[in-house]
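Each in structure tokens, the structures are laid out below.
In the two complexes that follow, chain A is the common piece, with chain B as its partner first and chain C second.
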Partner chain A sequence: MIPFDLQEPASLAEAIALLDPDDPSVRPVAGGTALMLMMKAGLFQPTRLISLRRLEGDLRRVHVDEHGDLHLGALVPLSKLELSPLVAEHAPAVSETCRTLSNVRVRNVATLGGHVAHGDPHMDLPPLLIALGARARAVGPRGERWIDAADLFVGYYQTALERDELLAEIVIPAPSPDSSAAYVKFTALSADDWPAVGVAAAVRRREGVILDAVLAVSAATEKPIRLAAAEAAIRGKSTSSGSFDEAAEAAAHEVEPLADIRGSTAYKREMVRVHVRRALIKASHS
Partner chain B sequence: MSTHVDAPAPVERKAPTTTQIGRSIPRLESRAKVTGEAEYIHNLRLPGMLYGKIFRSTVPHGRIVRIDTRAAKELPGVFAVITGEDVRALIPDPYYGPAFHDQPVLAIDKVRYVGEPVAVALSEDPHIAEHAANLIEAEYEDLPAVFDEVEAAAATQVFVHDALRPAGMFPDLKHLHGRTKTNVALDFTLRRNDVEQGFAQADYVFEHVFRTPTVAHTALEPIVSVAEPRGPQALTIHTSSQSPSFVRSEVARLLGWPENRVRVRTAFLGGGFGAKLYIKLEAMVAVLALMVKRPVKISLTMEEQFYTITKHATTVHLKTGVTKAGKITARQCEAWWNGGAYADIGPRVTQKSGFTAAGPYDIENVALNSYAVYTNLPPAGALRGFGIPQLVWAYESHTDLIARELEIDPLEFRRANILRDGRPQATGTIMHDIATVEVLDALSSAMRWGESFDRGKGSIRRGHGIAIGFKACIAPTTSGAIVNLYGDGSCAVYCGTVDMGQGSDTVMAQIAAEVLGLDPQSVSVIHPDTDVTPYDMATLGSRSTFHMGNAVRLAALEAREKLFAIAGKALEADPSLLTVADNGVSAPSGRRLSIADVIKSTFLMQAGNIIGTGSFRPTYTSPSQGDGQSDDITPFWMVGAVGAEVEVDTETGRVRVTRLVNVADVGTPINPGIVTRQLNGGALMQLGFTMSEAVRFDNGQAVNASLADYKIPGILDIPDQTLAKIVAGCQSTGPFGAKGVGETGTFAVSPAIANAVHDAVGVRIFDLPLTPETVYRALRAAQHNPLEDQQ
Partner chain C sequence: MSPQLRHISFTLNGNSVTAEVAPHHTLVEMLQEQFHLYGARESCGQGLCGCCTVIVNGRSVSGCLYLAAFADQANIVTVEGLAKGEQLDPVQEAFVSCSGFQCGFCTSGFILMVNQLLEKNANPTEDEIRHYLSGNLCRCATYPDIISAVHAAATTLRKE
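What follows is the complex of A and B.
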């Protein structure tokens, strides 16, 4: 590793001021778990890292506002999401997902902001955040803006964040009483591996009928994406397994899986099929 | 006087009640490890030390046209940049290796695999060294490359080496010297009776081919070596080595020095598993240190280990004749070992494991061929089992298929053909002290074999399977030890066995303590230092408890004899009637003196030493050229059987091992706790090689050379129940009846799991690992609906 400049600003504004919109070798670092892997592999050589470790306040908070929306600060470690009673109550699928996300050592250090801002398609939470209709608050030199989770992931390791913007928080809207969500993770190597396929489903149902559903897939694909055809296939259908099969079939047709050491394109397509069905079953039984 | 024993040492059958043997005392170094005080070479820093960073080949096979080191040399803080040509200026023939002198310190003329060391940048700052290494550029003229072991063995155009260069050490490799136009480094042949006739006597003949991929050791402490010049004529090497004695001989040979000018020492190793055997970075740091006249340290990253040493990928072809009644009449085996670009110890693996390729069965007619093959992949060497797990994967999958086909219970089929004590193995060596039958019996009861079994439901199907393997301890090898009683009666054991986590310090202390009547926790074990500790062949192949254990026992016996001679006078008793216990010597009269007082009685103050030495070298007959027959092929046999219960998700192909039972013949365990952990540890390591681990290559380039993408088992992959069962046995030639155990837990894991998968879902996997996709594709193929790739 080649030496670089490490800055540890004490406020969000200071941190943003240290970012450089034109220099890709200047980056923020939160837990460092993703960035260090890239640095060790020689894929990223920073000239300057802006550590967020001294930033305090809402960035580290989990709270529910007066509308019932769940606010998750960007610097909240994944282990806190896993264990927080508020998260368990308002977004149980998030707590559950964190339990099989990597291992306890990584979760203690890795932050939600780094997890999302990395734009790595192999992460577990992005499809779930999409399914839950989450929004991200980004702060930059020109102020703040809101980005829907579904619009955040624009390509392979690419997000909608500008180089001089920081993610401040993720907000998960209050769930309606008739909705439920689930995430299913499929690993091809060790159990604590990155997913080979991850599928999230959020369904609204009434009297055995799916009013609407949001389905999102990650890991198998270039970026986390919504499965529009599968969502359409299930809308207005009963919560029987037959209609889940149709959605699964549609999903298998619409995805374009990328082959890697965790599976071939053909295999991942099959796993999308299986796990869309399993995610729907899990969501409609939770 | 030293006690040298050529014949197996007799076991002390009449020894008084043993107090230290069979005790699961805690490891001597536990506290130091937990508190971070334990010494590792990884943490060593010497004054004036330079860090070396290796620049590696990016092509699998190429002629070196140009190496441009200018930019690297100009970087501020760079001390030197060294290439193969510079090395040649110091050592005209800088090629090393335990079996073949084929590996250059740094590439010369050609590179033979992606990742081969080509140059080293040196700096006092490791970051600058790394930066400098990144600035080196090399140009290669691409040569065609070979990657597959079977293709490489048959190649007529592409050769990894121009000529074979066997090292002088092994007489049975000499005939290969100078052989050209071949990638086969060694072809081992074994013939017992007549296989063709055996096939003719059979009612059925079965043939299958099995494969295993390249896998990696991933020791938590990556390979690290430091060379420290002591003037131009002497050198100390601090290294995370499993074989300091070999390092000394080989570095001395390269430099043309007598061995006594090279001192090699180790500390604790953060795992070895065979990766740190023979010679790895030591030649490189030695040469660099002499060139720059400063201490030089090279510590690999986890990633670099994948480019340094791996475990052989294999292709094994088996053919077996069997009667309707289930008696095996003949077995033929051809095994190809993918040795990568440099032989390392591959030819030994090929032969020493090759001769067991027919399995632990009593088979009249056997024909075995085993080929060590050069390819343009990273070198392969020893990895926990020395080739045995690859062979057991093949013969136990094959054996299961035969039993199924004959509709004979797989356990009964094995029992009917098992090689029993007193019967000849394929080499002709008569089996002694081998508890094969007892191991099968214990496996049967641990697995509740034959009782009803829950087969699962829905998309989760359950199955169970078994397998058994065996191994001959490597021969011929030697261990020496010194036991030293100091003036205050405290004791140190000087031995070359490297404690790399297997608990050898504790076991050696127990052995010495047992003989001398001491508390093993009070015995200190001096770590390998070739200036201090006697020769030991290496810490490998489950040999240390047996070989070094015997040497330590002999040394302790000699020290005790000297102690008794002195004590006899002080206690006015016949020395042969004295006994030791609780740090003291007692006479039949009831008189007792502490060991310290016995020593004082002769030195007249707290001074002096009582030194015993021991050297152990078992007998051996090398296999005859051509038919591989020998009447004394090994000092002892190890037997390991595994039972596995699995759940297969038929929709995804994912296999979960829910129960893993390991049954082993370890002779008499000196420390049952350590033995159990070795068995379980070996089994879980092999579980990774079974389920998920494989180094994947793209045109010779490893594409998952890191723990991020090369997945070893995590805590959630561990079976709900992992059991190790020790079958009580006795190795009559072992120290207190013990035999080795470091590898036994690995032998039969893979086929037991594949056999269980077959039992669960009716498909057979021939190639490791059993990834979900592999199993899924097999399931689809069995449904006549194969998964199509072009969609």
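What follows is the complex of A and C.
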């Protein structure tokens, strides 16, 4: 890697002050696993990294508030999400997704905030956070603001975060008793490869009927996106798996997959169809 | 730009040590270049293969994706820290007795990961072993013998 400067602030305010809104070669770094890959490949050559490792407090905390909303601090490592009893109780699909997210060592180091703020469309949690209706709290020099997960990803490796903003936490709203969610992925090259397609589904159902569903796809597309046509196609349908074909068809129709080493556009479109169906089956029967 | 060296201190295999590192140095580079510890070695360079596994504050990390500067004030354990003198640790013994390796390049990473697994789960099933070790690659494909070694080490450790 080429040399760069490293600063290690002790507070969130200090970290934000060190960020430079006009210089893309200055970036925050938490666990660093994703950024290191880019730096080693020469795709990102920082002049200065702002390490977040000395920051403490709520940024590292997982807790449930009085409304039952699950708060996940941005510096919580993915292994803590995987193993947290609170996450298992309030967002079991998140725990399950973390089990097959990269490997133990990466999960020990990579943080939720980095996972989300990196903006890599191949990350596993973003589509699930969209499906679960999560919100992100961003903090910057002008104060803090809330961003819906569905609005957070604006392009290939691009998020709605400004260069001088940091994620503080992700909040997953309390699930209603009739809701359930699931994430499924397809890895084309090897079992532990980055996904070629990831699909998350959150459904609300009553007496065998889907009241509504939120569907999101990632990895195949340039950013994680909601599948509006597929969501409309499933509303009011029976939870018997035969009725998922229409939604799967709609999803395959509405996505614009990017071709790469993990598959052609046509192939990924087919995999989106298959995995939307699987995600709906899994969410409706969990 | 000339790298600005920083002075860090940490515990390495039970000893207090210091090092001079540049911000862009990785943990595995520091261990090799400054401490001549070659048990953790860079192979894939992407955190996928596990050959560079190092234990930092009780948790496994990929030493190739971990900045050396982040070792400051940490407790670092490498495969060289497991044996007590000539006495191998139970996981190392099990890998020898079960022939859980061929060329040995991946072995130190596997041994550290198995130690972590058995700390958390004293009697893992084969599925649990496969899942936990899915981020460690053995290009000689000694996986069946590695799994035997994990079971053997687990049996030894449960008796201790």
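We take it that the second predicted complex is superposed on the first by the 286 of 286 C-alpha atoms of A that agree within 3 Å, B and C clash if a C-alpha of one lies under 4 Å from a C-alpha of the other, contacts with A are read in each partner's own complex, and residues count from 1 in each chain.
Quick note on the criterion: a contact is a pair of C-beta atoms (placed from the backbone, for glycine too) under 8 Å apart; a residue touches a chain by one contact, two chains touch by 3 or more.
All of these numbers come straight from a predicted model, not from anything done at the bench.
Contacts of A:Ser51 after superposition on the shared chain: chain C is touched, whereas chain B is not. In the superposition on chain A, A:Gly119 makes contact with neither chain B nor chain C. In the superposition on chain A, contact of A:Tyr267 is made with chain B only, not with chain C.
When the two structures are aligned on the shared chain, A:Gly73 is found in touch with neither chain B nor chain C. Contact with both chain B and chain C is seen for A:Asn103 once the two complexes are overlaid on the shared chain. Once the two complexes are laid over each other on the shared chain, residue contacts for A:Gly32 go to chain C alone; chain B is not touched. Looking at the shared chain after the overlay, A:Ala191 reaches both chain B and chain C. Applying the stated contact rule after C-alpha superposition, one finds that A:Pro9 touches neither chain B nor chain C. Taken together, the two complexes place residues 1-3, 37, 40, 103, 191-192 of chain A in contact with chain B and also with chain C.
Those residues of chain A lying in contact with chain C across their complex are 1-6, 8, 32-33, 36-37, 39-40, 47, 49, 51, 53, 79, 99, 102-106, 108-109, 191-192. Looking at the complex, you find that chain B touches chain A at residues 127, 130-131, 134, 301, 303, 651-652, 654, 688, 691-692, 696, 703-704, 706, 708-709, 711-717, 771-773, 776-777, 787-789, 791. Across the complex, chain B is touched by residues 1-3, 37, 40-42, 100, 103, 186, 188-193, 196, 261, 263-267, 269-271, 274 of chain A. Of all the residues in chain C, the ones that touch chain A in their complex are 1-4, 6, 22-24, 26, 45-48, 50, 53, 59-62, 64-67, 69-70, 113, 116, 131-132, 134-136.
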